[in-house]
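Presented sequentially are two complexes of chain A, the first with chain B as partner and the second with chain C.
After this line comes the complex of A and B, so read on.
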């Protein structure tokens, strides 16, 4: 059914259609509306046979989800930013134990400095924690990925994060086609756990494992994610047959075949990138783009097949590995190892800075003419940086950097774009 | 594509206004996209929200930099935020005020941008009258429908009724209708004067 609703509401309705049995909730911006809506759906009885548990922290939220999942319940939670960091230990435990929890991340920057706005540093910080990570480009895809995530998680017994750009998607009202309960029931069968805590048949889950077997347990976690490289496209295909629209898969190419310059990105920024790709193609620039949906497992082979013919690749990423540069770029370079294709990193949209068509047009034109530096910070305010560096060099007690800059620029978030 | 930017303060229903506008467009079968841009999340802080209309899927996620229409919910922002930034030459500006643009000291700006059609409606006052609270958002949408003609009043009324329920919905629709009538009259007079 077509609806014009907020992204968070759409995600909540999609999650409810998957019949979760335990939802653990702790609010944090910009994810709060998702669990609020789910709480409402449980309270009104629209989502039945589900326990909605308010917990005291994010660490508790995922810990309760782990406990619930270990008893054979379909468990769900959502978080963002510092909340994800606070649950970090449990994030590793959920995957280490092979518990198929689905968690939404309303992507948001990580402090300090404290910042409520969107980037993808939070989920990137957990990229190696053993969870499958799927990134949504639109709210329609956020809905569809959650439905696929439940199947994927339970078939492999691996937890899945569905990453949805905070505010840009979570707070956006746009057209979303929500499937019926019957459609979702036919796609997502009842949960058949591989392991259950059951007093009738006692087992231990979470025993200590020494050097004799730790590598094997970790290898099997890797093995399951490698299986996901096959299962994710299969589920996407089945989803399309079943629901009549394409969603998910490992990655999605756009005008890639004839392109000399290829842009790679994750999440909602791909929409703006596609508009800019269209503009540049109209101007005679041979450019295309690839939206990576599955960041973990990383579809290295598929990516190489898709972009291996390019003369150059530009990775636009909403996170920063301080001390090296790009996070996504590093994996893209690995996928292209030996191909001799230069990979440019563009760090963009940090802490909610708008990624505009004009800036993308400029940076991609430069890249196409090989006039871009290997690491570029989109719309970096060089004057601000120079003044602060000068302050650092001339004064020992130069004071807190963020506050120095704010004093120069005025109030928080008062600019358009 | 038709792009709208709404300026106001936290607590004035700026975000809801953009959301209702997007619902109104959706009800007419169009693709619409509404989203907010928060400053610090608190009552009274400047807030912006955006709404785009198009006949095809809207992929663009940047803030509205070059609005075809601006809605200004709070005139105390006029000299605090660069409200008019990027507004199109043949654009529309709708201001919540009991005063005229001239009384608001905007003559110089609009003289320098003669293509822009500007209108003030006393939306807070209308809301106080009809709803009992000075929340101007729904009333402004009625004015917006009349000023721009890009959306029908019935769609605005239906969107308000979808967002709110019961008496709050009906009273907001009444406020919107009153603003719509004022704007229709003012727009007719303006075109007669031309």
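After this line comes the complex of A and C, so read on.
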């Protein structure tokens, strides 16, 4: 059914259609609307047979989901930013125990400085935690990925994060086609756990594993993600047959075949990138782009097949590995190892800074003419950082950096319009 | 289960369970049907109070639930010594997730059981004092506040024993631990810090809070049984001496637990919905010194010089407990 609907509401309705049995809710911007809506759906009875638990922290949210999942219930939670870091220990634990929890991340920057706006530093910080990570490009895809995520998680007994750009998607009202309960029921079967706490068949879960077996347990976690490289496209295909639209898969190419320059990115920024690719193609620039949906497992072979013919690759990423540069770029370089293709990193959209078509047009044109630095911070205010660097070099007690820069820039209102 | 107190005069204690007693006077612990939730072969130290407390507590919980019981366990001694896989000592479904999230994991188990309609199966969460009063306190308070259907049992041995005896918020003042060493002008743990989690649990007005010790396992069993007859958040705090951490003889575990309760240092009481409903009175009051002397963690109070000032402070704490909880019958006060 077509609806003009907020992204968070659409995600909540999609999650509800998957019949979760335990939902743990803790507020953090920008995912709050998702759990608010789920709470409403449970309270009105539209989502029945579901325990909605208001917990005291994100650490508890995921811990309650761990207990519920291990007892055979389909468990769901959502978080963002600091919340994901606060539950970090449980994030590793859920995957280590092989519990198929689905969690939405409303992607948001990590402080300090505190910042509530969108980038992808939060989920990137958990990229090695053993969860499958799927990134939605649109709210329609956010809905569709959640439905696929439940299947994926439960078939492999691996938890899945569905990453949805905060505000840009979570708070955007747009047209979304929500499937019917019958359609989802036919696609998502009842949860059949691989392990369950049951007095009729008592098992011990979570024993200590020493050097004699730890590597094997970790290898199998990797093995299951390698299986996901096959299962994710299969599920996407089945989804398309079933729901009549394409969604998910490992990655999505756009005008890649004849392109000399290829852009790689994750999430909602791909919409803007495609518009700029269109403009540049009209201008005669041979450029295309790839939206990576599955960041974990990383589709290295598929990516190489898709972009291996390019003269250069530009990775636009909303996260920063301080001290080296890009996070996504590192994996892209690994996928292209030996191909001799230069990979440029563009750090963009940090803390919610708008990624404009004009800026992308400029940076991609430069890249196409090999006039781009290997690591570029999009729209970086060089004047501002130079003055702060000067302060740092001339005064011992130069004060807090973030506050110095804010003082320099003046009030936020001065920058609007 | 019979809960009347039978004096076992041979040892001058309340200890029962001896199969030499007549059938009517025997403890349930003497029956061959005993479940033995925590089976033999585990790796606990000789004289471990926690192993003793856990076995009696979980046995009682199993009896009370017709063996329909699931346990969530915090990281700690109990977790490590009971599950040296491929061996496990647990006769019940058991999950260990993390150090600080046991109460929340148990909440999740309870929620799943409810939603699945498996309402005959009940949940116990268990952890040491570190996992309960320190790192797991947020999750514990959350579980209390929501009145989730979980019995949380804290086995309090008054320090982080699994990592090598470091101070917790349950470590008593003056006690030597690896992070409150017996050096300097005020050796051992500081006075005026720490927290009393049974009282904090009562402040949540949950259905049931109780303290117990391994000196009186019948009392412990009774309390666990009572807790399992109720629903909602329940908390039992059990004093379990640790020979290794306390610097005591393994054969002294039960004796030390008794001296802790008989001195007033560890008050044994029950509370329902935030109000104290019962307390175990002291049979023969002992000075705290009798308790302290038997433990190397308090050795610096006796050598090189007798620290009567510090011992007096500890005695004052015990006396305050006796007044506060009414641990002595009036004529003895």
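Operating definition for what follows: the second predicted complex is superposed on the first by the 411 of 417 C-alpha atoms of A that agree within 3 Å, B and C clash if a C-alpha of one lies under 4 Å from a C-alpha of the other, contacts with A are read in each partner's own complex, and residues count from 1 in each chain.
In the analysis below, a contact is a pair of C-beta atoms (placed from the backbone, for glycine too) under 8 Å apart; a residue touches a chain by one contact, two chains touch by 3 or more.
Since the structure is predicted, the reported quantities are computational estimates derived from the model, not experimental observations.
**Q** Should chain B and chain C be called a clash or a fit once both complexes are overlaid on chain A?
**A** Partners fit side by side after overlay.
**Q** Go through the superposed model and pick first if A:356 touches only chain B, second if only chain C, both, or neither.
**A** Only chain B; A:356 stays clear of chain C.
**Q** When the two structures are overlaid on chain A, which partner does A:206 contact: first (chain B), second (chain C), both, or neither?
**A** second
**Q** Which partner chains sit in contact with A:72 here, chain B, chain C, both or neither? Use first/second/both/neither.
**A** The second partner, chain C, only.
**Q** As a test of reading the superposition: which chain, chain B or chain C, is in touch with more residues of chain A?
**A** Residues of chain A touched, chain B against chain C: more for C.
**Q** Given the touch rule stated above, what does A:46 touch, chain B (first), chain C (second), both, or neither?
**A** A:46 contacts neither chain B nor chain C.
**Q** In the superposed arrangement, does A:63 touch chain B (first), chain C (second), both or neither?
**A** A:63 contacts chain C only, not chain B.
**Q** If you stack the two complexes on chain A, which partner ends up touching A:4: first (chain B), second (chain C), both, or neither?
**A** First partner only, chain B.
**Q** Superposed on chain A, how close does chain B come to chain C by Cα atoms? Whole Å, please.
**A** Minimum C-alpha separation, chain B to chain C, in the superposed model is 27 Å.
**Q** Over in the complex, which chain B residues touch chain A? Could you list them?
**A** Chain B reaches chain A through residues 5, 15, 18-19, 22-23, 26-27, 31-41, 46, 48, 58-65, 81-82, 85-86.
**Q** Hey, which residues of chain C end up touching chain A in the complex?
**A** 67-70, 72-73, 79-80, 83-85, 88, 90-98, 100-101, 104-116, 121, 138-139, 141-142, 145-146
**Q** Applying the document's contact rule, which stretches of chain A touch chain B when the two form their complex?
**A** Listed in rising order, the residues are 4, 6, 29, 116-117, 138, 167-168, 171-175, 268-272, 274-275, 354-358, 411-414, 416-417.
**Q** Within their complex, state which residues of chain A touch chain C.
**A** 21-22, 24, 49-51, 53-57, 59-60, 63-73, 75, 89-90, 93, 97, 197-199, 201-209
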